[in-house]
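Order as written gives the chain letters A, B and C; numbering starts at 1 within each chain.
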Amino acid sequence: MSRPAIEVRNLSHRYTTDPVLRDINLTIEQGEVFGFLGHNGAGKTTAINILTTLIAPTSGTAMVNGHDVVAERNRVTAGIGYLPAEVRMYPHMTAAENLVFFAELSGVSKPHEAVAETLEYLECSELADRRLGSFSTGMRQRIGIAQAIVHRPQVLFLDEPTAGLDPMGVRQLRETILRLNADLGMTVFMNTHLLSEVAQVCTTIGVLSHGELIYKDSIEETVRRFPDEASLEDIYARMESATP
Amino acid sequence: MITTFASQQIQSLRRQRIFVALLIALLAMTAVAGVLGWSSHNTITRVYDEAVRLLAADGKPAPPNPFLLKPSLSLLSNMVVYIPLLGALLALVLGHLSLADDEADGVGRLIFSRPVSRTHYVAGKLFAVASVLAAALAGSLLVGIGSLLVVNRAVPAITDLGRLVVFYGLSWLYLMVFALVGMIAVLMTRRTSLALLSAMGVWLVITFAVPQFTSGLRPTESLNPITNPVSTSQRFFQITAFARPYSVAEQYKAASSHILNLVTAEPVAQTIQRVLPIAVLVTSLAIVTLVLVERHDFSRSSSNE
Amino acid sequence: MSSPSSTISVNTATSTPGHRVLVIARHEYRAAVRSRILIVLLGILVVATAASVFIASAEYAGRLADYQAYRAAAEAGGVARIAPSPLAPLSLLRGAMEYLEIIGAVVAIALGYLSVSRERSNRTLPLLLSRPVTPTELAAGNLLGALGVIATLVAVTAVVAMLCVGFIGHDWLNGIQLFKLALAYVAAVAYMGVFYCVGAIAAAKSKVAITGLMIALGIWLVVVLVLPQIGDTLDADNQIPGGLFAALGLGHDGEVRILAHFTTYETIRTSIETASFAKHFERFAFAMTDVKERFRSLSLPDLFFQVRTDIAWILAYSIVLVIGLLRAFRKQPTVPQGGQQ
């Protein structure tokens, strides 16, 4: 598949008067793990909302797997998985019931088997028959990921996936992302404001500041371009300070 | 400290659009009751005129004007129905709002991390709720007196004014039941929506289901200002008769009809007997509220959707 | 997290709008059935219905026994023309219909409110809509599931009511009566479906869903309780306890002659009543259950003709509210408004 996983052209968005995203151009190839960095309020979640078809952009175009997010909504949503910042699902239903429901909506032909397989893959089969309401943040997060991949999407969107997780949880999540990328060839689009996440997981990074994409390159290239910097954090700080 | 809670609560209620809307609705319904009373007055006069003409044509004598049969306060008889309906919804929402915000926004945690007594907290809330209800009913009373002035083109007699004031006092007591139910529901449920729906359920039971058991009143019969006594000779009612004094919706309506002189008078002692269970209920519900607040876990904020 | 061998096979996606609507409907049904508040409201409805039919039936049993005794005596005495039974067992269900009209509507509003607030408080709307699910499918699925819940609920009260009439009233309904009763209950499902839409639309249109619930309950209060009550109060004959015309010493004939002068007044009064959707359901349901004596002797086609406007109103309201529901779901913000960035 040669078409890019995500292709964004001149994308702008505003909720009221102030623009949240300004003229973004961005291409992400299949199989990449893209880290979208930015301060709180930079516009990262808005970008994910547009790419997952939840809101229509004010102007510009966005394509996922070669399909336009506004004109070809159903084709886009068939090929993506989405994990929102704070995962909540139906608390009175068990994990498996939640997942079967979402799998059926995505048209998975054998939802029960797909759910069992997914839970096994994520090594949390023991959670299947427990009600979601009793889960810790970490457990909910894993069921949230299961929800996002149960229909085997080509592109996975993660919005601040490590927020609220303990260090072990963060490590588990990192390994899961890498495995999904390696085993299933999933393209991953991840919002974060934590550089440690990006450095260990991503192949490419982009930096969003006040709605503008101020930087995008591979991790290797980034480190090569800023050799005198001690860590990615310094690079981030330098980019931020370089923008007006 | 009680006044701090109370004034904060009243201020916050004044800014809640839904509460203001319900308040306006109550006042509007009082005006509607006045219009209906006026229309009733008109209809009777016109029907009487027509009847006199008709009877005269047949050579029959004119009957006495039935308007004289109509009690002087009948103009506002519909209030006996509107207060348990619209007023009760207002009271439920009022009680609900007075605690739900503290619950949902986690304000309770902030309040009780300060040197604050829970008794004072409850007292403040109750005072706020009681005075807002009183103010709402006072507004309704004024609109009612206004309609009497306009329709009768005369200042109501002092006894009638007295009757109206007593009726509104009873209404206040009756509505306090539902304000307290609204508060208790918030304290007993985890989600605000469940709280409001449960309180609503209690209101439905008191207003429409209990009279069915104690007096065989079908729900739409509960909507008439004056209910005709149903035959309650069945064994079924002999079993439920003990509960009839506690069917507060019926007792409120019966007592109101007597206070407003809409039906043939009964001894004052009997009317007081009807009101007593309502007063007992309000007192017990207030105590329950206090106990529940004392025991409530304010560290857990409920979800407000 | 390091088991190396687990592999995942990719399922072929087969998803049609119809399939998705059914999946959502089933989910809605299950969620509603698990909701404790709905079970409690249903309990109130069933107990109140049972009580009203029980009370009516107990009295009815006595009257039926009297009639049967008369009939047996008349037959034994060789009376040629035996008066037909003046009793209408279906009319015992009047209370059941009124409870559906009042409490049933609140249950339906709660159902509608909960289907919107559930997705909001669980934050599942983005999860649903980032899948190949359109807002229209979501609304249709929720409505279908809710109608399933309402049908179940109505069926429970119907069975309870019929058993009361049979066992306590000692009269079992015949084929045509069952058919009329079934029609009344179909109307009840449509009636409650409309209030489901009211609850869901009000919640979907309000920023804070619970405000929507309060608004919906306010609408309920006006439509179900206040408007019909106003219409009733304005009835000229109801102006004096015991009846105005009786107080004037006028019979039915005189009443008709006088009311001829009050056509405008009567038109206003009727239009206030007809403004209430609940009144149309009530009229239809009362006609089907023989509550009004003048309907009892009518054949089915005549009966339908008598209530044709009520049928038309029920259908019109149903269509308008369903369209409103679809629109409200399409316009509902999928992400918290004001720009969560």
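Heads up, the rule we're going with is that a contact is a pair of C-beta atoms (placed from the backbone, for glycine too) under 8 Å apart; a residue touches a chain by one contact, two chains touch by 3 or more.
The structure presented is a predicted model; accordingly, all values stated were derived computationally and were not measured.
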Taking each chain's C-alpha mean as its centre, the one farthest from subunit C: A
Chain with the smallest distance from its CA centroid to the overall CA centroid? C
How far is the middle of subunit A from the middle of subunit C, if each middle is the mean of its Cα atoms, in Å? 46
Taking each chain's centre as the mean of its CA atoms, how far is subunit B from subunit C in angstrom? 26
Just give me the whole-number Å value for how far the CA centre of subunit A lies from that of subunit B. 54
Residues of subunit C touching 2+ other chains? 121
Could you list the positions in subunit B whose residues touch two or more of the other chains? none
Residue ranges of subunit C in contact with subunit B within the complex: 36-37, 40-41, 44, 47-48, 51-52, 54-55, 58-59, 94-95, 98-99, 101-103, 106, 110, 113-114, 117, 120-121, 208-211, 213-215, 217-218, 221, 225-226, 228-230, 232-234, 236, 239-241, 244-245, 247-250, 254, 257-258, 261-262, 265
Seen from subunit B, its contact residues with subunit C in the complex are 17-18, 21-22, 25, 29, 32, 36, 39-40, 43-44, 46-48, 50-51, 54-55, 63, 66, 69-70, 78, 81-82, 85-86, 89, 93, 100, 191-194, 196-198, 200-201, 204-205, 208-209, 212-213, 216, 218-220, 223-226, 231, 234-236, 263, 303-305
What residues of subunit C sit close enough to touch subunit A in their complex? 1-3, 6-16, 19-20, 23-24, 27, 30-31, 34, 118, 121-124, 126-134, 334-335, 337-341
Contact footprint of subunit C on subunit A as seen in their complex: 15-16, 20, 40-46, 49, 52-55, 73-74, 77-78, 80, 82, 84, 86, 88-93, 101-102, 104-110, 114, 117-118, 120-121, 123, 147, 151-152, 157, 172, 175-176, 179, 183-184
